[in-house]
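Listed after this line are the structures, all set down as structure tokens.
You will see subunit A twice below: alongside subunit B first, and alongside subunit C after that.
This part shows the complex of A and B:
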């Protein structure tokens, strides 16, 4: 009895504790850390990553991993920026187009893994290269800077002078996805299909329809990520996506999302994003540059794998 | 002389006392059966002996020494080997590799001696007198042969106490004979065998003594000569069970399902009809294609020819979800891979096929979910501390009940039961039979695949017999006999001459009558 409670406790609270511990550590190390400006900064810098990690979570629940999402972001961001800059479409239409295109790209990934009967991760290695080429063709290796003020407001406007719109958008999306996964039967179907596809099929679930639904939702979320990111920076180029893939996957792994599918909790993923965000920001403040941050991220990921293995054995 | 003695062993899990002060001793060179209802604690007892689980209290005496708990290493040293209910093997490796994994006599690092291993594997497999090639991949073997490999492995490890958890649950009569011959051989060599089974008849064939458990408690140990099946059942369930099969009302005339010349998925040209309220049995040896046929009817496998009609309406269904919509439900034979989601809660599993029905719009109605799950938990008498318990923590038989409950909750018109009572205790067996008969009475129709001959003969109104993917006969109740079914199932040619209609003839008669 005690043992089980303890394990559940550890697996539920370890992330929040890790978050608090890193906040306290950096607050002690540097007095600029706990200022309003810096905290807002952390928030703003991690909104698009939160949305992206939500997409990764959905894909991992159905038992897949998509390495191409980074370049999907690049394709969509460049596409939107170019259509707006060249005046082809009004801003709202460009955004809708971008998100739709991203859904198509995601669906393409899913369809390929079905047709080729391969694991999504392998398939996405291939499609990643395709999307990479596509985004460079679209951008002609240029950076589309100076996007219109209206577009930048999507992420940067401060409601009441302080609350960033990107935070509101992200919060709404997280709540909706959380509700979808936890409360709706479609969400339940996603878990079933990821947990045991054969049992799900024999239980009369339409496995591929359910998977395609997951790809569509994830695609839309990746599209939103591209909009939030390019709106925050006011520019778009082909190199802006790729790094994010690994941040998103790291956050999910840190949150204990199972690679075999059928498991994963959204709130933990969100907390994990902030653990990584605080770490990046804090290390920067303390004067440790990008490379030590990579090492720290990797170490945290390995450490969390160790912990999740141990709690599985204990349970 | 006792080789092993358990004294007041208690083991609790959250909300469950799996073993409650159990004391029992095992004599050297005996075959000792352990029986009891699902969840009685049999598997847990074994895990305590093998060191897989640590008891909360009590002690284990072996070789004159006494231990608070066993460990897997200590068990190995003492020569205890277990063939588990869920076999743990390396599917992609060969039989020889599986035999020698972890069985090395030499310590430290050394190259794998493939040649020597293979030679010893051939020898040991020959002793077991069964046609298993040491080069076959594990995943190509039948369940029975996998078990034999596991037992051979135990012999290689020089086991003195061999424990088998439901070894006959998933094997055929022939294979069982082979298994028993090997058990007797090992016994003659002085190996003590602990044997768990829900098939009570076979205990009288193979065992010396029987220990009965109920609700985690030790009930009694009897010499097999002192008791009969009735006494045994009474000890197990604590009440009298008179009828083994509930009385069934005769089927109606309306044809619910008509399968004609169905081919694909390893079966060829199968035809049968199923009437309203009928229980139609399917007999055959393992590998005869019964499960494959059921998957074909259910749309879970690719059909190459033939038709399936429901109430006269041609069904072109291509997927299980179509079949389910048309009113056919399948309860699969392999619970772990096909039947359930083991790391999800019981309620989740029972309702997973039914979610849109218990949802308001998109949102799952928690109250309806709990009510539906509770209804079928009660109907199937699933023993679980709560509906939130993960299925993996249930006893084997109770996992099987969850699988059945999941499909019953959908309430299809036609139900396919593939080995419905595998691993299920006598009491609950009767309950499942009663449920099947009740379903039939409500006008549902049932296809039942079973390797348990008594159950087939006792429950079915007609039996279709398959042999190597082909239909070798369709028997009416009046023609039922164990010998006839066996003869048809083994494809014996003279079967046709013994008064039964083979192939399509009975079928044609059936068809015109309707």
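This part shows the complex of A and C:
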């Protein structure tokens, strides 16, 4: 019994332990690691990934997975940048439009999944190509740089000279989503629908309505990701989103979010994002290149899966 | 709900497609170049299987290719390889079926088109390798990757010799992308020759990015500045990370406001760099220059020469034509934008 508790305990706290161990290790190896400027770097480099991973979590809780989110980011970032650069809309309206468009794109995935009676992963393979085409058509393969300072402030401004606005926005979003998932009936319904849709239906839940709600929330979060990312870089292009898809899914898998749905804890996802972010930042600072980073990430992922399996057996 | 979704999706699709068709503020000029070779055969069918069309340079090149050849009476077509060997193989097969006369091929994965390009040659098509060498071809158009990188350092040396002449050591950060063979060749060339071209230069850090993205450049710049705030010069092997680094230092939370002793140089890139390079002339931005592998018009001119020359036998037996590098900085930018080439800075002035 003691052994079982120990296994579950280690599994639950493995990510925070890993994060602390990483921070201590890199702090010992490089005196710049724990400086204010570098800690701010770690924050700003991972805020858009945190918001995106939150979106991925919501989709995975309902048993879905969306491979098209990267190009959704590209479509929305380019749309916002173009409408601002060409003076079509004021900044606030462009952002609202972008987030709404992203919600519709996400809802489109959900609707296609229902209409075609296919898993969202398969559907999103198709919609990924559609969104890719849209993003290149919208951008005309150009980079929209030189976005206004007012737009850059969204992600780049430092409150008190050090606290990034992107961190505040992300914190608020994470708290709201965390509250929604844990404290509201609808939030708990997402888990129920993901865990066993048939049982949820028999219990009187409107399964597809709940799934559509999840897609809308995830879409809004992906839209915010696009805003944070384009504000951070001061530019937008069609290639800016796709790499993030894998990062978001990796963070969720590392956090033990079940691919089958019905499981997933937001705080673990946030910690997983920071584990990956600290690794990337720290390894770069101590002079380890890209390839050791790949190996480290892969090893951590495998270790996490091992602990997750042991935990499930123990439970 | 279904009906609502259908209407919503339809509205979205129409709105997005409508916005795609909207005119842009700064369209890329793609004027047809003048013919630079006198053909002895009537213009025929020419096609270009490109790597992809995912950046402004590729798109501008593809548009100029069509415009340039069609202006000379050719029937021209372009296919995006989508960075996928299978797509490229299918494209070459389609052009064999269409019996084109000349086929330009920019191979994504070395060796992936060996069989199909041989089939094209067997079918009487003149195959011209573009940038990437093929196993089977009649002629090739290439750039010398190492030379491009050296020219970047020469361009940087023009700036360091005046702006940083008082410094005993110029601290250099190198942003590489070693997961791409061309970029690795260029980074190695910079590392091997930097001290020779700029004797006071010293590489204090090398930051390897995995993606050619602006965000990767922002992150690289953040980390470089954290560990090496003393850096005076950043050299990159591709344009997007250079733009990202520039955007970081010119952003609203930039740790640096005085760029008089700080510069960024890169390779290739397109119109997205022009704004920053222009601003560097008054030290309002640190992105000071790039090396462009020939102007697009010059490239199309060379392609016309090769297309005609391979058909009439002037160019054969794997004849290779090397592209000229153009030096773009704040002083040559207007010349480049108005003429498509640069003559005011030439390789020869660096004693090459």
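Methods note: the second predicted complex is superposed on the first by the 311 of 315 C-alpha atoms of A that agree within 3 Å, B and C clash if a C-alpha of one lies under 4 Å from a C-alpha of the other, contacts with A are read in each partner's own complex, and residues count from 1 in each chain.
One rule holds for everything that comes next: a contact is a pair of C-beta atoms (placed from the backbone, for glycine too) under 8 Å apart; a residue touches a chain by one contact, two chains touch by 3 or more.
None of these values were measured; they are calculated from a predicted model.
Chemist: Of the partners subunit B and subunit C, which touch A:192 in the superposed model: first, second, both, neither?
Modeler: first
Chemist: Looking at the overlay, what does A:262 touch: subunit B (first), subunit C (second), both, or neither?
Modeler: Only subunit B is touched by A:262; subunit C is not.
Chemist: Could you tell me if A:49 is touching subunit B, subunit C, both of them or neither one (first, second, both, neither)?
Modeler: neither
Chemist: Going by the touch definition up top, name the partner, subunit B or subunit C, that contacts more of subunit A.
Modeler: C
Chemist: Quick check on the superposed pair: does A:18 touch subunit B, subunit C, both, or neither? Answer first, second, both or neither.
Modeler: Once the two structures are laid over each other on A, A:18 reaches no partner at all.
Chemist: Pick one for A:284: touches subunit B only (first), subunit C only (second), both, or neither.
Modeler: After superposition on chain A, A:284 lies in contact with subunit C alone.
Chemist: Which partner chains sit in contact with A:38 here, subunit B, subunit C, both or neither? Use first/second/both/neither.
Modeler: second
Chemist: Would you sort A:300 into first (subunit B), second (subunit C), both or neither based on which partner it touches?
Modeler: neither
Chemist: Could you say whether A:203 touches subunit B, subunit C, both of them, or neither, answering first, second, both or neither?
Modeler: first
Chemist: Applying the touch criterion given at the start, work out whether A:146 contacts subunit B, subunit C, both or neither, answering first, second, both or neither.
Modeler: second
Chemist: Quick check on the output: what are the common subunit A residues between the subunit B footprint and the subunit C footprint?
Modeler: Correct list for subunit A: none, the interfaces share no residue.
Chemist: Quick one: which bits of subunit B touch subunit A in the complex? Just the residue numbers, please.
Modeler: 12, 14, 298, 300, 319-321, 323-325, 329-330, 332, 337-344, 348, 352-353, 355-356, 359, 362-364, 406-407, 410
Chemist: Residue numbers of subunit A touching subunit C in their complex, please.
Modeler: On the subunit A side, the touching residues are 30, 32, 35, 37-38, 41, 44-45, 75, 79, 82, 85-86, 101, 104-105, 107-108, 111, 115, 134, 136-138, 140-143, 145-146, 149, 152-153, 156-158, 164, 208-209, 212, 229, 232-235, 237-240, 243, 281, 284-285, 289-290.
Chemist: What does subunit A use to touch subunit B in their complex?
Modeler: Subunit A residues touching subunit B: 1, 4, 180, 183-186, 188-189, 191-192, 195-196, 198-206, 262-263.
Chemist: Would you tell me which residues of subunit C are touching subunit A in their complex?
Modeler: Listed in rising order, the residues are 1-2, 5, 8-9, 12, 16-17, 19-20, 22, 24-25, 28, 53-56, 58-59, 178-179, 207-215, 218-219, 222-223, 225-227, 240, 243-244, 247, 250-253, 255, 271-272, 275-276.
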